[in-house]
Structures are given as C-alpha cells and as structure tokens.
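What follows is subunit A paired twice: with subunit B in the first complex and subunit C in the second.
Showing the complex of A and B:
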C-alpha cells in the first residue's frame, strides 16, 4: 500500500509537472491515438473511432464499432488510462459511450462518457459529456465528483479540405478536470493519400497568455497509415501508425517530451473489412 | 417613414471586432449560406472597420446598439422578452411596432432597455409629423445627428448594426413634403434643442439652438459622390467635413476630411467629443476572386492627442466558404483623454484570420486574432480564438452555439458583438476567460421564440445569463 501510494503520488507530481511545463494534453480519459485532424469528417472507407466523439466531440462514422485503448502517460509507472468505447449510428445520428479508468486503485479516477451527434455529407457535429468519480484512497470510492460537457464540429471546405473546431470543456462542474482543455480550431487538407493539417489551440489556463500550434502530416501506405505530429510549447513530436487487417484495427501512437518520458497509446478495435 | 431593418435569423459567432458586418462582392456566390449568415449579407462593402463602441459610450462597458426593426407596410409586430442572470432578478422587455400607409408607431419598454420609449409618425399631404423618439440628421451630422467615428472610413450602411445612428431625442419633428423644410423641438441629453432646416436639391441649411449654448448653423451639400458640411456657432467655433466617393464595388475609394475648432460641441450630445481634425482614405481592390481593402486614417483630438490606423484586409472564396486575412496597425489615442482618463495606448499591431462556410444545414465559423505591442503582433495584449456553428434542425428550429476564449491584458478591452433576440450588444471583455453562448430560435404560437443562454466564468464561477423572447408579426389593414 505504501509503495502504491508513493507511486501514485509520483504520478500526481508528474501530472502537475506536465501542467506546469505547459504540455497541454489533447486527450484525457478516452485517448484515441489519432490527432483530431485525421478524425474530422473522414469518409470513403476510413474508420472514425467511437472514442473520437467521446474525447473531441467529433462525430463518428456511424458504423457499429468497439475499441479498447491503453495509454501510458509520460513513462510514469502506474499512470495509465484504460478505456473501452463503443459507437453506433442510425441514419444521420451518431452515438457513442464508454468507460475508462486512470491510475491504480485505490488512487485515480473512473470516467464514463457519452456523445451524441449528427453527420451529413458536408458537415457533422456532436456533443460530449463526461462524468468522473475519484478515489480518495479509502476502500469505498466517493460519488461522482466532476463532470464536463463539450462539443465539436467539422465542415467540408471544398474538395479534400476540412475545417473543424472542438471545445471539449465548455461547461464543467464539481472537481475540475484532471487537465484543462481549451478551444481548438484547425484545417486539414488531403490529396492522393497524403494529409497535412494545422491546428490552433487557445490557452487553457488563466495564466497562459498565448495558445499553441501544432501540425502534422499523414501518409497512406496500403493497409496502413502513418503520421507525424509536431507541437510547440514545449516543442515535441509524436509518431503514429494505424493498420486494419481482417476486421481488426490497431493504432499506436508515441509522443516524446523534452523533459518527461514518452506517452504511448495503443488502441485495438473493430474495423471495416480490409480497409483502414 | 421611419426606416427599420428586419431582424434576421441567428448569426453564429461573436468572434471579434470584424465579424458582424462583413459584406462584399464575394458574398454573392455564397447564396447557400444566405439564411445562416444572412445578417452578414445585408450591409455592403466594409470589411476592415474595427468594431468599437461609439465615442460617447463607456469603453469599458457593454454597448447596446440601437435596434432597427423594419416592418412591411401594413403590418404590426409585438414582442415580449424576459431575461436574467445568476443572482439577479428577472428583467422584462416589451416592444410593439405598427407600420401603416400613413401612420407608424413604435414602443419599447424594458427594465434594461436603454432605448425604451416610443414614437409615432404620421404622414399627410402637409408633410410628416413625428412625436416621441426623434432622430434628425443634417448633412454629415456635425450639428444635428452623429458624425462617423474617427477611425471609420466607410459608409454608414457598411457598419450596420454599429453605424452611428442619429442621436435620438424626445420631442416632436415635422418635415414638409420632400423634406424641403424640417422643424424640430426635442430634448437631447436633458436639454431642449430646437431647430429648423431648409433643403433644396442637394443643398441644405439649418440652424439649431438650446439654452446656455450659442446657436449653431449648418450648411451642407450632399450627393452620391460627395457630401460636404460646414458648421458655425455664434462664438466663432466652426467645423467642416467632406466625404468623397469614387467608383462602385471593386475599385471604389472613399476620402474623408475634417477640420475645425477644438471647442466645438454637439448640441444634442455635449458629452461626445469628436476630433476636430481627421483624414482618412480607403480603397477597394478586386483581382479576380480576391477582394482587398486598404484603409488609412489619422485624427487629432488635441495637439498631444492623436491617433491613426492602417489596415489591409483580403477576402476570397475558399473551400465553399470564405477566407479572410487581415493586418492592422494602430497608434495613439482612439478616444479623448476625457473619456479614457488615462494615457493613450501605444502602437498596436494585429492580425486575424477567419473562415466561414459549410452547408445549408450546418455552418461553421472559425476565427483567431491577436494584437500585440510589438511588430508582428508580438507581446500580445489582446487575443481571441473563437468558433461557432449554426444548425438548421427539423421543424424550423435554428440552433447556434459559439465559444470564444480570450486573453486581454490590463488596460485593454476586447469587444465581441453578440446578437440578442432583438438587439445587438457589444460585449466588453477584459482579463482571461471564455464565453459560450447557445441560442435557439423556433416557430411558436404563430410567431417566433428565441432563447439564449450565455456562460462566462468570472473568477472561476460560472455566471449564466439567459434571455427568452417571443414575437409575432401580423398583417393588418388600413393605417
């Protein structure tokens, strides 16, 4: 117990260091392993994971899907997030739900989320809601202690381009979220299997005067897709790989940090037969 | 006939000073978005004027633009609204307007309505008579009315709804047929002002006076390409202004000049202190699908209080929508020291980028702007990132959601235009924060129901502000 507490406290310190260093987290409880640019308004056989709606408020593609994810944050032992998400669609309506666990009991928190949205040929929007229940180190967890509601939308901007916006924490109640997430807007352009994007994230904390920019490039390589991301403040990079084989999709994303350890996300879920 | 403008459907986001009255030749092809962003398709031309409250308004407080509801002849409209915020009571607003062939009536009443009151207008062979709220304007507004703000370089129509409307008073006004003669007696700023004006063609002359102030005379010449006005009072103070226009649409330019005595004050609003000297020029350039506007303006309140701005903005169709980029540099004092009670702000350089587009069912606007004390907008003093959507739902329901995150340093103010159910409000924001709005409009009981919820955390505490309004327009006979 003492060793677990010490480990979890180290994790908490790491999170505080993460926040203090201004390394904005772009996901929390339902890490998608995908940048939002590669989720907004995809079509033509590409899979949009249900966790995208839960995490970014960007609606999924409507096919029944289920996926499980595991994230190891900053290389800190015990600081992990495990999530299970499912999504479905009826006509233009999209829905998703999921549960996740961050940390090691009796420390950490549980989260449950739901998202509801609509998708058309040229645009889509969704609303997300997340509730969290924290453990306080005792044998019985407390009641729900925090909630947040947000939304996102994307619009097709001509052939091969999409503009999106997400505000994951428009409203919060109770205990503040583990990490603040602010409004983000971006544009992605795709052509001949190559996509490039640029995103602007506004400052999340009152003491932050400026926001953050990030960009990336993704390349389709047969049944797989690889991408590189770069972010500033602090400057860091991420690499991702997504592949789908025989109805199973796997995504792996690793993000480096100039001071802390790497953050690795692994996602396994259902996929369209043979498509990405 | 008192000119009013129809309240259009919801407009999506309150994303910064350049967001509301954006129009240009590029908007014509965007007919698919006509409903969603229709208010941006109303005015004409201007895209590069910063949205700031008028000179007489408190720069640190919200400013409510005078509503301008237009009615078709032979129709009436009634509106009732309630609103409130956390910790405060409920405020009510009511409005009634009737527009007939020879009679029009407008009434506004509300706890928080700065334009409450009413007016009635009647037309007959002998002319037009108005009683209640009257808003006369002679020439360029030097004597009667309100001149354009010194930083404005465009026509009034392009600034809707923030165009400087003629100062409203409470009294009576009579105009002869074709406006050849105008006589008025009304109270402005708690003082009774009387005046008479004569017009013949483009030439107009008038004289106005009030207690404890020398009378003022105005001589004006107005036309499509040029407007000139000169004003003089018995104490020898004078003011003159000229606005010259050339061209139309692409390739248009506007030149504006003013000169005069520092001690000149308007009879209708002694609090307003317009700069006695200013010069501005604006030019519109069209190259294919690209529209660009260049604006240069400078003004002087006093020998040590001068201000200027230079702006370039370009817009072109992109991705089924419209992309706009802009750069502006500002110097000096935009308001006189008498209003700001502080030193003039130094150099400010700002940049912005905005894209709006989408489908008829869902429109999206995304915008980012940044203002800094140093070149290339560094040392940011004002910054805002915003996004909004407007969705057309079944049963005629319109839903608009917007979210803005802003950072404004001490001594600076960011103005966000917002559309309440029946009026435009310029929100003055400072500090670090965010503002979210959800607005819904739907048909109800033969009329239209509007609801709005605004969330803005203050010191970490969310203070919701809500408004509900129902209005209905009907066709009537006679009048």
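Showing the complex of A and C:
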C-alpha cells in the first residue's frame, strides 16, 4: 500500500508538472526555492531536493524524488521558469536530471540538466551539466545552443556546522548563460532546530568590483520549516516556507526587490512519508 | 600792493576774466570741410547786459610763439543780454550765428583768445601745446573731427582749460549742459525676445543718461515704446521710471510692451522728461522682425561623429524662392559666415548649410547637392553646455541684418553624434533617428505599448548596443535606466539621470553588462518631480561574434 501511495504521488506530481508545462515537455534552468544553507543540506543532509544538484552542483539526499517548480522573476510579465526534476541515490552515489523552460517574448530557452555526485558521513560533492537551446528570434534564423558545467561540495565542520562551496559555471560554451554565476562559499550553523548561515559570492562580471553577501536564518516548526534571507546590492529580503503533508512537499519562496517586482518560486514534489 | 597779491592769486586760480562774458564753446574742426562751420560761442553768465564792443577774437598757431591772427572784432554797441549766448561763426553754422565771420581756426594743437579793449585776455587752448601762451593752465582735449570743445558745466571755471572744457556735440547758441536733459546711451536700445510672435509680450530696454545739471527725481521720467505706423506711432507700452538719476549718471530702464502684427517694424523708444531742453536725444529706434522669419532653423548637427562636419538644416517658410547666399549664420561668440555661392531654396523646401559639403555628402550620399550650401567662415558650434545651460546660440540673419530665426540649444542628454531638431510640437530635442534627418522631416518616434520598450531586445552577435524608446505622459521628464540580472542584482547604470523629451528614442551601450539576460528598468520623474513611472524590459545581451 505504501508503494502504491508513493507511486500515486509521483504520478500526481508528474501530471501536475506536465499540465503546467503544456503538451510539449519544455526544458529550462532550475530554481530550488531554497536558501543556500538548505541546499547544502541541514539535519544530516535530508530533504535536499533533486533541483539542488542540477542548479548548484550540491548532491541530493539520495531518496527517490520528483518535483515540479514554477518561478516568476522580478515581477516581469512573461519572465517565468517551469521545471521538472527527478533524483535518486544508490549507496553513496547521487544522481539527478531535469528539464526546464524559461519563456519571455520575443525569446526564451529550454534547458536540460544532469548531475552526479557522492555523499559521505562528513562530506559530499557533485558535478552538474546543463545544456540550453534558445528560441529562434527574428534576427536569429537558427537556434542558438549553449552548455555549462560546474561543481559543488559541502563539508561537515564540527557539530552543527557545515561549509559549502559551489562553482556552477566552471566551463561554458556556445550561447552564454542567461545569468553568469561565479564561485560561492558559505557556512551554516545549526542548533536545536535553528540554523543561521552566511554566503559570499565572488564577482561574476568584469565591471563588478566586489562580490555579494547574503545570509539568513531558518527555524524548524514541526512539519514545516520557515526561513528569512537577506541579500545586498541592492538590499533585498526573502521569505520561505517548506512543509510536507502526506508525502507531498511544498516549498514557497518570495523575494522582494526595492525596484523590481517580487521573485516567487513554488515547488511541489514528493516527500519522505510524513517528514519534511 | 596790499590788494595786488590777492588779485594775483585769484587770477592764477581762474581762466575767466571776472565780471565778463566767457568763452563757452569752440568748434574748430568740423566734420569734413571746415569752411563756414567753425564758431566760437560767448556766454554772459551775469545778471546784467554785457557790452562787448571792441572785443577781438584771435586764433593762435601753436607751432611758434606769438602767432596770433585777428579773426573778428565786435562792433561798437554790441551787447550780450543777461544769461544769453553770442555766437561768432561761419555762414553755414546752424542756427545762424550772431556774427558771421570766416574764422579759419587751426585744427590743433592751437588756441583761440578774446582780447578785451582794456587788455584783459581769455585764452582757450586745445591739444598738446608746447608754448604756455596758448592755454590757461593745461590745454583742453583735442576734440575729434565734428566735435567741439565745450565748457561743462556752463559756468565752470576750475583754473585750467583742461578742467573746464570737454569734447561735446556742437550746440551753438544753446547751453552746453542743459539743466534738464535725458538721453539714450547710444547703442543700448534692445528688445527681448529679438524675434517675438505677433501679440507676444516683449521688453524694450536701454540705458538712460542724465545729461543735465539737475537730478531727475523718481517718477519724473517716463518711457514709452511704440512702433512706427503710417500715420504716427502706435504706442505698445509705457511706464514711469521710479528711480532717481543723478547728473551724469545712467540707469538701465525698460518697459513691457506687446509685439505688433507680423512683419518688419521700427520700434520707437522715447524718454519723456518735463522741461527737457533737448528732447530729441531722448528718442531712439530699433528695426526688428515680428513673427517667423523667411528662413527657419529646423535641425542642428553640432557634434558630428562620422566626420561629416557640422551642418544646419533650414526651411524656406515663404511663398517664393530664397537665395541662401543672402543669409548670415552666426553663433553666440559672434562668428558669422555666409554662403558665397547662390543657392536657391524653393518655397517650403529644406536646405542645408554645411561646414564641409564634401564630407557631408560622403556621409549622406543621397542628399540633393543643389540644396547644400557651404558657409564660410563656419561659426563652430559648442558641444557642451556653458554655466547657463546653453551650449550655443545659432542665429540666421537676412540681408538687412534682421534675425530670421534664433535657437539656443542645450547639449545635455543629446547622445554623441545625434543632432537636435525641431519636432512637430516646436520643441527642440535630440533627433529620434541618431543619424539625423538632413533634408527630411523629423522622424516621429515609434508608437510603443506602455511607457518603455526595447526596440532591439535581442541584438545580433557582437552588437554592444540596443535601441530603446519611451513614451511618457509629460512633455519632458528626468529619466534613468539601470540594468539588473536575473537574480535581482544591479549590474550597471546605463543612463544616468537625464532630462529628455516625453517621447524619444536612444541607443544604450550594453557591452559592459556582459552576455546574459538583463532587466532594464526605466525610472522617469515628471517635470514637477511629483510623479514617477517605473517600467522594465528584458534584453538578451549576446556574446562575441561566433
């Protein structure tokens, strides 16, 4: 019965994702709806979604999972991303794959990704690869393709502390990524269900003189977890909520911007039975 | 002896014999031919008649000692009334002199003197004299041809000819310095704006000089401005000057008036002062054009970026063909040039005045060469604003030196290489087409949906700029454009706060953003800064050439 319920949940999420994506299985980049500390895996690495490996190169938690996500970027009409990701683990090996679609007139693109990693008691690492195909535009009679490869890793640094690093675009080729991403390094400390983290991202563009800092705090509240984040340049804040009910995990993250509109991410996926 | 020394001292301190008429004015160098125009004026400042029978007028040649020549002797019984003047001069002096005599005065440095029958002498010298006998104290100034030397004030006696006499406009038979007199300072009459539409408010101003001996009290002086019409003067403005003007002082005065109907008119500005002894000097005139001139400025390229040289587009607003060679192009610095070769411009047509026609035609090979005129010397136009916010002033004048059109342009916010042009709403703004529209009507900015649009949201590989357009609900606005990436981080400022027209286009350099997706955010503030519009558009910045 448990296996039937799990299968039913997977099918429901897949159908939901497909319904959201339309008749054609588009592909696009992957947003996790999670802050960097939760991507690095708190509480022993549990509940790390498959999209984390595809987006950040940080290995998932190995449980079979499927999730569908929707992101609306900066309040710009039509600038949305829809993604479908799946992950699984065999022993210490972790794997994930996914497809996404980002569409905004007069152009958009599809993306497909895969990640492969390994997780131990005290550390984990993974490699990610994303391929991208942009829509034909009036000035581009032929589609433009691009690819990027990156990696990430985390290390347990004492009781309740974890350090991670990610370099999502170590190698790129073809059409440049829509968002250039550079090396990010962070640390999270957790105690009694409360976690706090800090991450620094190095400059991603030639005209950037300094990197960017972000931090946050998360609190476990039974079947749910809530968190607050803050980022600079410009100063902006985000709120997130993650909860699991009857085997279905939901994540919602909303980030406010002083000039542009909000970035909202909604993720629905499978959850470990009754746990977060 | 006891009275002799004081008298001697008194006589040393005075050039005028006591209790006698004095030399008031001498015209020794009339403009052009002197014959018949020279005169010497005597003034009786006493309250009693002065008998001058036997008084001798002599001219002195300053080149050597003792060279005095008799020119006239007053007949017996000649009397000058109290306060009156007595003119001895040639037959062509106007008004006619009291005594006609051809004086043959030297043109300086020389002198004249009156010798009284009792031997008392009054001498007036002018110019740089080497011999002391030809002047009393320092000699008076050597007046320019056409001017006299006049005692100012009329009773002045300061002990030297240089202190008593100054160059003046000849005034035979009249006071050298009237008690009440106001005059316009020459060349100060002006009207603002120089080219006013019919019925528009204008200001007529100038510098009024109190040339009399008395102060002008507040409210005593009136200023009237009118235009000359067939049957007189059509008064267009009048005011009373509330300020006092001391003797010898000047005051800038102005009056608000209303421009008449279109055409070339003569403004008459009149200063009215009760008791003015020479009211004609209080009247001055200015010939100006009202309404649009025959040739209008329509586009100005002041900072060419393609080596085509500066150029100015003009439009013939009349119903007849105009020759561009008949017009003068002038800038704020006063440099002016004109077309040296006749260039007909048909009615309603556009034409170009160019710094370098050959280079211009190289940049715009499809131009009609018959409508491009070289102007020499070219008044080079400024590329940046001065402290007053104006980069330069371009003025077109016709053959009569009347302004036909005048534009003061600002370079602020005008992209390099883009000319400014007069749009359909008569505002000057950066051309919607960055290459300008020489010999074409202004390009109307494209209609866009919303306040902000990126016309080239996906530029080609290797392109480092995008075309944007905006349409705001105000005639002008202060806009800025910033770029953000997909994570919301601010990448760069693409357009700092710039004053722009309500509708327009521009080219933004996006190369510094690096390849990727960028969200351009336009923030526009209304002219009163009481409203703001924010709009965003997406741009896909490509990488380098493949």
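One rule holds for everything that comes next: the second predicted complex is superposed on the first by the 231 of 276 C-alpha atoms of A that agree within 3 Å, B and C clash if a C-alpha of one lies under 4 Å from a C-alpha of the other, contacts with A are read in each partner's own complex, and residues count from 1 in each chain.
The definition used in the following text is that a residue touches a chain if its C-beta (ideal position, glycine included) is under 8 Å from a C-beta of that chain, and two chains touch if they have at least 3 such contacts.
The structure displayed is predicted, hence computed values, not measured ones.
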>> Tell me the contact category for A:111 with respect to subunit B and subunit C: first, second, both or neither.
In response: neither
>> Going by the contact rule set out at the top, does A:170 touch subunit B (first), subunit C (second), both, or neither?
In response: first
> Is A:271 touching the first partner subunit B, the second partner subunit C, both, or neither of them?
Replying inline: neither
> Which of the two partners, first being subunit B and second being subunit C, lies in contact with A:187: first, second, both, or neither?
Replying inline: first
> Touching A:206, do we find subunit B (first), subunit C (second), both, or neither?
Replying inline: both
> Should A:161 be classified as contacting the first partner (subunit B), the second (subunit C), both, or neither?
Replying inline: first
> Is A:122 contacted by the first partner subunit B, the second partner subunit C, both or neither?
Replying inline: first
> So, A:236: does it touch subunit B (first), subunit C (second), both, or neither?
Replying inline: second
>> Just to be sure I read the superposition right, which of the two partners does A:85 touch: subunit B = first, subunit C = second, or both, or neither?
In response: neither
> Once the complexes are superposed, what residues of subunit A are shared between the subunit B interface and the subunit C interface?
Replying inline: 206-208
> In their complex, what parts of subunit B are in touch with subunit A?
Replying inline: 318-321, 355, 357-359, 361-364, 366-368, 380, 383, 385-387, 389, 391, 401, 403-405, 407, 409, 432-434, 436, 455, 462
>> Considering only the defined contacts, which subunit A positions touch subunit B in the complex?
In response: 120-125, 151, 153-158, 161, 163, 165, 167, 170-171, 182-183, 185, 187, 200, 202-203, 206-211
> In their complex, what parts of subunit C are in touch with subunit A?
Replying inline: 457-460, 482, 484-492, 512-517, 519, 521, 523, 534, 536, 538, 540, 542-543
> Once bound in the complex, which stretches of subunit A touch subunit C?
Replying inline: 73-76, 79, 104, 106-107, 134, 137-140, 175-180, 205-208, 212, 231, 233-234, 236, 255, 257, 259-260, 263
